[in-house]
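Naming follows writing order (A, B, C and D), and every chain is counted from residue 1.
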Amino acid sequence: MADRLTYAMIGGGIGAFIGEVHRRAVSLDDRATLVAGALSSTPEKSKQSAEQLGLDPERSYGRYQELFEQESKRDDRVDFVSIVTPNDTHYPIAKMALEHGFHVVLDKPATHTSEQAAELARLAESKGLVCCVTYNYTGYPMVRQARAMIEEGTFGAIRKVYAEYHQGWLANDLEASGQKQAAWRVDPKRAGLGGALGDIGTHAENLVAFVTGLEIESLHASLNAFVPGRALDDDASVLMRFAGGAHGVLTASQVCIGEGNGLTLRVHGDKGSLWWRQETPDELRVALHDQNPVIYSRGGPDLHEDAEVSARIPQGHPEGYLEAFANIYKGAIDAIIAHRDGSAPSRMAQLIPTINDGMRGVRFVERCVQSAKKNAQVDWA
Amino acid sequence: MADRLTYAMIGGGIGAFIGEVHRRAVSLDDRATLVAGALSSTPEKSKQSAEQLGLDPERSYGRYQELFEQESKRDDRVDFVSIVTPNDTHYPIAKMALEHGFHVVLDKPATHTSEQAAELARLAESKGLVCCVTYNYTGYPMVRQARAMIEEGTFGAIRKVYAEYHQGWLANDLEASGQKQAAWRVDPKRAGLGGALGDIGTHAENLVAFVTGLEIESLHASLNAFVPGRALDDDASVLMRFAGGAHGVLTASQVCIGEGNGLTLRVHGDKGSLWWRQETPDELRVALHDQNPVIYSRGGPDLHEDAEVSARIPQGHPEGYLEAFANIYKGAIDAIIAHRDGSAPSRMAQLIPTINDGMRGVRFVERCVQSAKKNAQVDWA
Amino acid sequence: MADRLTYAMIGGGIGAFIGEVHRRAVSLDDRATLVAGALSSTPEKSKQSAEQLGLDPERSYGRYQELFEQESKRDDRVDFVSIVTPNDTHYPIAKMALEHGFHVVLDKPATHTSEQAAELARLAESKGLVCCVTYNYTGYPMVRQARAMIEEGTFGAIRKVYAEYHQGWLANDLEASGQKQAAWRVDPKRAGLGGALGDIGTHAENLVAFVTGLEIESLHASLNAFVPGRALDDDASVLMRFAGGAHGVLTASQVCIGEGNGLTLRVHGDKGSLWWRQETPDELRVALHDQNPVIYSRGGPDLHEDAEVSARIPQGHPEGYLEAFANIYKGAIDAIIAHRDGSAPSRMAQLIPTINDGMRGVRFVERCVQSAKKNAQVDWA
Amino acid sequence: MADRLTYAMIGGGIGAFIGEVHRRAVSLDDRATLVAGALSSTPEKSKQSAEQLGLDPERSYGRYQELFEQESKRDDRVDFVSIVTPNDTHYPIAKMALEHGFHVVLDKPATHTSEQAAELARLAESKGLVCCVTYNYTGYPMVRQARAMIEEGTFGAIRKVYAEYHQGWLANDLEASGQKQAAWRVDPKRAGLGGALGDIGTHAENLVAFVTGLEIESLHASLNAFVPGRALDDDASVLMRFAGGAHGVLTASQVCIGEGNGLTLRVHGDKGSLWWRQETPDELRVALHDQNPVIYSRGGPDLHEDAEVSARIPQGHPEGYLEAFANIYKGAIDAIIAHRDGSAPSRMAQLIPTINDGMRGVRFVERCVQSAKKNAQVDWA
């Protein structure tokens, strides 16, 4: 099959949560094969993971530097690299990948500083390479429907946006138990400036930007670390003023017991409103002025092409997180093929989040932290 | 029946929305009879309304002053007065009522300034009179259940509170059409300092205070007037810091197309969380750490006495807004009877909102407006 | 007020569940006053209840016969009689009421046999009296909206109807504990032929008939008595064939633990479908062929007049069971006034269930019991 | 990787709905590779599809007979065969596959007659081969949780079961337009005895059997063909009596406009009840006597091992139809590996539906059709 690609993974050894998710997301549509990797922080663990994943031992590298050096010399070099290491290592790895001419799929948040992200963006731009950042929630068909409807003006001028991402799993000091996922997220060295803010607040910020296209002009953030001993926020509340006058409220918290992945978006314009909720992602509630609300659904009537091409199965059979995540990879693979063939990118390819989104996300964290420290409003620019 | 009272109404002539609600709320439990009134702004209209409501013409007064003067001379003087006039007239009317020794039920928000409310509070206190402010949402049985569970420590120390009151009916300039309800709400002279903030934000603030008992220490508010030409806010977002360290986000908006009366409360403590939503008021969602969420419901098992005494019919037969409103009156009537008889007030009587709640609500509006003007955090005290 | 009526109540002494509901339903709109009663099975208890309810001792009767005899001689005789006694006494009481020229509001199911109901119907007809049976769920505004939309052809020809009424309160032998509500419902002498079937199955049958207008031609019923020792069904499942070819499934059960008052209706026609659920009665879900579903709501846009006149407060402030019940009384009072004045009955008056509905409900129970005994389909006629 | 298998597919050429679903279900966990196929009804189309799917041309067979003959001679013969052809061809293909010693994964309903299914069952048994039938809904983690809780006695003795599978896509004569999915389903030659009954009623029947373990003793079915011209039912309603005295109501319909894949299950026992709904599959509502209902969820607390091993990602990130389908394949692959290695089958392997389930499903259709023709109850045996 002409359109089957190969890829390498950096990080994501056996046991790592997000690496497994990335691999499943690729597998679901079965258009790329994992053939190489530097899967863990030590060569031994990397080899072990590579064996379990069935990689050719020759292409199982102990360190990422080695991977880029060796792979770039091969005729059958991988088409792209998935980087799923902890946040703090994203920048050097992605930089080296791009410098060696590999397309990159990078877990979010992209980097530790917005300058790093900007540098990666410039590098990808100058090399003409795809640098996709996996803001996976933008892969949900009904999120894309929401974006399309706003772009078409269905809701008029946007006035108010509510975005939330509430979780409860860090309500206690889970990190004290050594739980791996918790440990790095609360550690400034690995997580960066933001705790809940960086981990999930950036998803909410990205969702707002993707769906509404609005640009933040200024913001006022309040950050809390409710669990004793935490150096980073586990709870964030942000008031945002957008260019053009719209106003937004974004909250991200990891201490909301009883919340799983409570990512929601509500947008209110002068002609109508929309509601979307990640935990029931196949539905989009829409209300126009003086009309009864309508429930749009994946696979249902009256959908925009962007929602239709992002669905796999008929209405009423739920799709979920992995399918949405797979849509990001589907788009990235489309983009890489279009790049290779010099053809026009598909709609899926055009919809993927890029390193520019990653850069904006990191900037969002920086500005929130700045505002919270000053306890005052700060400008975006 | 010994416990049947009589009352007079100021305002609430035929066609007025809230007067009708107050009368129905009294009727539902049928423990007080409307026997007197100064129902409209003009003597003619008052008479007309009185006739339609079947009042004795002798006790249909043209002006409220007259009502207090005449009624206070009668042997069968009314037991209490319901004041349902526009906001700007609450203060002088309530003052005169208390001065003439009448118990008062006052529509919210109590007064235009917190000083006025404080004066009413002092007056009621010194006269030993009941002065109830109809923050009606506290009458819902499951709101009372929430309050009781927090008080009992079920959720541990409160960390985060989300309160919302979103409506859509003022998304366009309905006031231009002369719609009566819209017109006074957008008029600073009648509505006071706050638009959405005063009209519905105060309900959200009261719900937070009633349920959590938390006290605001400082706040940062952002106010918008999205519909051109409005002098008052039609959208408000407030970050709040409570004594003890908890944090809150309160939003109130009347431009959210598709929202009816979207009043919701979420409280997250270090042991668990609760969710409540006015549009499905009979349910209270509760989640404790590491346990599956449980749906409490009016009439169901494991309820606190406060929720039980506030319900009228069995589980699964919905109660609504009027029943909750009636619970306020039920409590006020109980309080008046206890006052009269020198007996201990019932649980219903103890749960009613008073002029002190009204005062805090007006203060909330004042502080939010102050913060928004300065675009900075302000202290409560 | 010219339109204020007076009424007497038979049954419904203090402590009785449904009598209290009837009184509140009348009070809510405050258009009729309870002035007479034969409230309990013994003269002593009747007197006690009458005192608590504040009745004039002269009009507190020990037995219903006395009430009809005495009241019919008074100039200020009551306008109508509410009969809320156990099922087995409905027939003689209602008969005597009608014979003495009183309008009747009768709790459901009307009588023990369909012949009795037919006789009452003939009597009411010949005397020109109102004989309303309180199938209260037809009072919900969105049920009336559903009825109007079907009548207008919105959903095309009806094909399939699903009606359920599931409760859980009789899942154990509550009657053994002496609980009054349970005790009479499981006693064939008092309840009649049907257990769950008569108590709640008839509500479901009535809802189907009211909303769809369909007439049952034949049915096959399966009845169960799951709780040991029960002589009557506590669970019923009925397949129904309607005139014109539509098919229906009706289930009524009182052993479904976790169900409160799970009365639901779904109607599927060849152009579209509707869904309604008593526990969230303010919403009506509607789906037309090839269109996204739309949520109609009480107080919202695009409602039929029948739904509008049946609502009291704006959209988003819930109304519930008592308000729906009150709509039946509102209609009955309107009907009585129209009768008195010789004027055209209001829309509310035209929508009330009558003794003909009661007769059909009793016939439904008879036919189901017959089918279950034969374990075969039976014809309606 | 030792545990990676290979498989062939019969049917499922490009454009076929269910073949694509099967392939994705395998890909998601990436433990088997499609290496051979007889993908379409003609050799030309088969070749074309094989090419698009990247099969080795040598292993792209024109007819299924050829596939079994050739593959059985190879050293690297496929481990199993997926049969996703129209219903009428299942029997001969599965028979030949088993005779040639291939494990089989067979789309449901297994065969046209229960005798055929019984023969396949005997054949698989005697050869010691896995013969899995893809009743995919049993793959949902919360369905497995429901099954485990019932088995553990959480709900006591089961009294009543409600199972529904309602769709709306055949509400009009879609088959007239030549739509492929519709065309074969309404054609008795290809679909068999049942229309909606066979297509989706069997899913509901299987769900009941899987979750409750109850066995049907007798049933009464009513079948309708609402769309003019249909030879098979498009709507079915079945009353069922189970061994031990429980009663069930099962409805399956394809003319319910507005329903997508409305598969729901409710089980009521003498200690408690459960509710599950395919369109929100991650939740299981549970209510025990005199306790408030609890919401269990995939990835949440207090789950049975069967639910835990069937999940891939954390709570709050939705899984859907493909993940559930993949669980069937995961189990089948585990079963095949256990068979190969002579090891004990995993929990996943033990939970898969087999040809015995397929046989029972076909029998269910046969009995329903028989009952509907006689318009009488029929016994299962």
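Please note the rule applied: a residue touches a chain if its C-beta (ideal position, glycine included) is under 8 Å from a C-beta of that chain, and two chains touch if they have at least 3 such contacts.
Please read all numbers here as calculations on a predicted model, not as lab measurements.
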Give the chain pair, either A-C or C-D, that is connected by more C-beta contacts. C-D
Look at all chain centres (mean of CA atoms) and spot the one farthest from the centre of chain A. C
Centroid distance [mean C-alpha coordinates] between chain D and chain A, Å: 35
Between chain C and chain D, centroid-to-centroid distance (C-alpha), Å: 44
Per the centroid of Cα atoms for each chain, what is the distance between chain A and chain C, given in Å? 55
Show the residues in chain A shared as contacts by 2 or more other chains, in ascending order. 259, 293, 297, 300
Within the complex, chain B is touched by chain C residues 1, 4, 17, 21, 23-24, 27-30, 52-54, 167, 169, 259-262, 278-282, 297, 299-300, 312-323
In their shared complex, chain D is touched by residues of chain C numbered 159-160, 162, 168, 171-172, 220, 222, 224, 226, 235, 237, 239, 241, 247, 249, 251, 253, 255-259, 266, 268-273, 275, 285-289, 293, 375-377
So in the complex, the part of chain B that touches chain D is made up of which residues? 290-297, 300-302
